[in-house]
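What follows is a pair of complexes built around subunit A, which joins subunit B in one and subunit C in the other.
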Partner chain A sequence: MTETQTALDRVTRVPGVRGALVIAAADGLVVAEQLMEDVDGQAVAALAGSLVLRLARTAESAGLGRPRFLHLRGDAGSVLAAPGADDLVLVAVVGPDANLGLARLELLEAAGRLA
Partner chain B sequence: MKALEPWVVDPLETFLAESAARLTLLMTSSGQVVAQHGFSRSLDVMTAAALGAGIVASTEELARLTGAGRFEGLVHNGQRQSCLLAAFATPRGRWIGLVVFGPETSVGIVRLFFDQMVHQLVAAAPRELAPSAPMLAENFETELNASLKALFGR
Partner chain C sequence: MTDDIRALTARLAEEPGSLAFLELAEALRRRGQLDAAYKVARGGLTRYPGLADAHDLMARVLSDQGDLAGAFDSWASALQLDPMRTSALKGIAFLYFKAGDPAAALAHLERALEVDPDDVSVRQAIGRVSGDVRRGGATASQTSEPPTGPTAFEPPESPPAPGPAAPVPQAPGPFDAVDGDRSGLLLVDAHGLRLAGRLRGADGDAAGDRVAAQLAGVSREAARATRLLGLGAWHAIAVESPDGHLVLTQASAETIVLAARDPSLPLGRVSMLADRAARSARTWLEAQG
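And now, the complex of A and B:
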């Protein structure tokens, strides 16, 4: 099993996670995904990629360095993102009842192993 | 942004606002321009439309030869600008979109909102075809000039 597949498996095992993707941030394209049927991977990849790049520019302009973790909270759930190496970003789409603490830990650990 | 048919305007304006595309050209599969954004010279539009239609025709033939069916789109990634060329079906026949975009957006964003624009165009297209005269060689230049005048206002 590849590191990418392992990362997706670890994240999607967390209760409440509805899907996980590895995306190329600059292109906003899906590299690999494990998603429930109602999650639009193409849209998540495009929008999360754009968000990560813009927030990275914002954080660097503010002297905060490179962001390590993003949490976008909505009424019906959250989008979590952890940038890894080589422009790759590990993204999770989680429901409102998800274990966010565990999802965050798994995302950070798995994103660190992405090559 | 200029469009020859009014029902194209809303989907195209939404696409331009969401995608941050620099140039956009919508044309029929024969290269007849339907709408354009960002081009300042009619010669550029004519050249881009002819090249775009030619590339799509070539890639579709290549897809047929290789048994790939139809390619959904073609992306050229450049250092300063990139280009998406994609054909799609509408109630008015097969159309082609040519989009040029820079690093302020991404191919994922452009592709996402391009697909949304296609859905909106298909939904907005009038179902009955407008009556049109047959395209004759002697009418071609007049039709072309009328289209360019509508797209560039001169």
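And now, the complex of A and C:
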């Protein structure tokens, strides 16, 4: 199993996670995915990629450095993202009852292994 | 140098990345110091090429300097960025009028009136220009008599610049209801303009305007993402970075609040701070009408 598949496996094992994928932030394309049927990977990649880039510019403008974790919270769930090396970003879509703390730790750990 | 220009110059020197250049250049223009106004406007435009206000300001300065082609280009740029900008529509109408094309001037004035039906100056200008169109296009530039009187068609003016600093009571701010340290809080509109608050960058310089500009449209983008992914309405975005955390949350449909803190404050606490700041800003925005 590749590092990428291992990363996706670890994240999707967290209760409440509906899917995870690795995207290339610059072009918003899916590199690898492990998603439930109702999650549109291409939409997640495009939307998350754009937001991650914009928020990275915002954080850097504010002198905070390159983000290591991002959380977009909605009424019925969240998008979590952890940038890794080489413009890759590990993204997870989680339901409203997910264990966000555990999901965050798994994403940070797994994103550190992406290459 | 008057007090207001001195104060604005000092503010711009203290915060070179701020939008103080808009007020300073306008104040200089009103005093007839057109070269100085041009330099300040040019500097601001270099920093904020996507800001319609900056192009509008430059157009007024160039128009006063007699560079009507330059003024036209600047107002056209302002309109590209903000098609509903009545000051740019009026400016272009004025230039067409000066160039002897009252029909084109009238078309732009009518567009301005559609955007702002309550603008009395547009109605007056339409009255004046309509007369010229009916008379077959004789304009101010073609006749020896310049237009005078209350209905004369003049270039657009910006809202009156603030007067010299007077000892007025401090107006309540949007974050007044937030206890403790209010630095690192920003209120930003949908166009990326800072409405209130301050933020310091890594090197200690003022970063509020720069950060606000990055946030133009972020609310729309977040709303689109959560909607398309079936996550409902968006509430907040939290960003964790090595040198600090920031949280964005909506204060109203058109504004967002940013709260930034150093990493010693856990992200969850920064989220709570952002929620309190957004509630305070919401109350303030409602009071502004």
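Assume the second predicted complex is superposed on the first by the 115 of 115 C-alpha atoms of A that agree within 3 Å, B and C clash if a C-alpha of one lies under 4 Å from a C-alpha of the other, contacts with A are read in each partner's own complex, and residues count from 1 in each chain.
Just so we're on the same page, a contact is a pair of C-beta atoms (placed from the backbone, for glycine too) under 8 Å apart; a residue touches a chain by one contact, two chains touch by 3 or more.
Since the structure is predicted, the reported quantities are computational estimates derived from the model, not experimental observations.
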Clash-or-fit label for the pair subunit B, subunit C on subunit A: fit
Partner chain(s) touched by A:105 [first = subunit B, second = subunit C, both, neither]: neither
Which superposed partner A:73 touches (first subunit B, second subunit C, both, neither): second
Touched partner set for A:85, first subunit B, second subunit C, both or neither: neither
Subunit B or subunit C, by number of subunit A residues touched: C
Touched partner set for A:36, first subunit B, second subunit C, both or neither: neither
Which superposed partner A:45 touches (first subunit B, second subunit C, both, neither): first
Minimum C-alpha spacing, chains overlaid - subunit B and subunit C, in Å: 9
Footprint overlap on subunit A, where subunit B in one structure and subunit C in the other make contact: 43, 47, 50
Residues of subunit A defined as touching subunit B within the complex: 23, 26-29, 42-43, 45-47, 49-50, 53
Complex interface listing, subunit C residues touching subunit A: 199-203, 207, 210-211, 214-215, 218, 221-222, 224-226, 228-246, 260
In the complex with subunit C, residue positions of subunit A that touch it: 38-40, 43-44, 47-48, 50-51, 54-55, 57-59, 61-79, 93
Subunit A partner contacts - residues on subunit B that touch it in the complex: 105-109, 111-112, 115
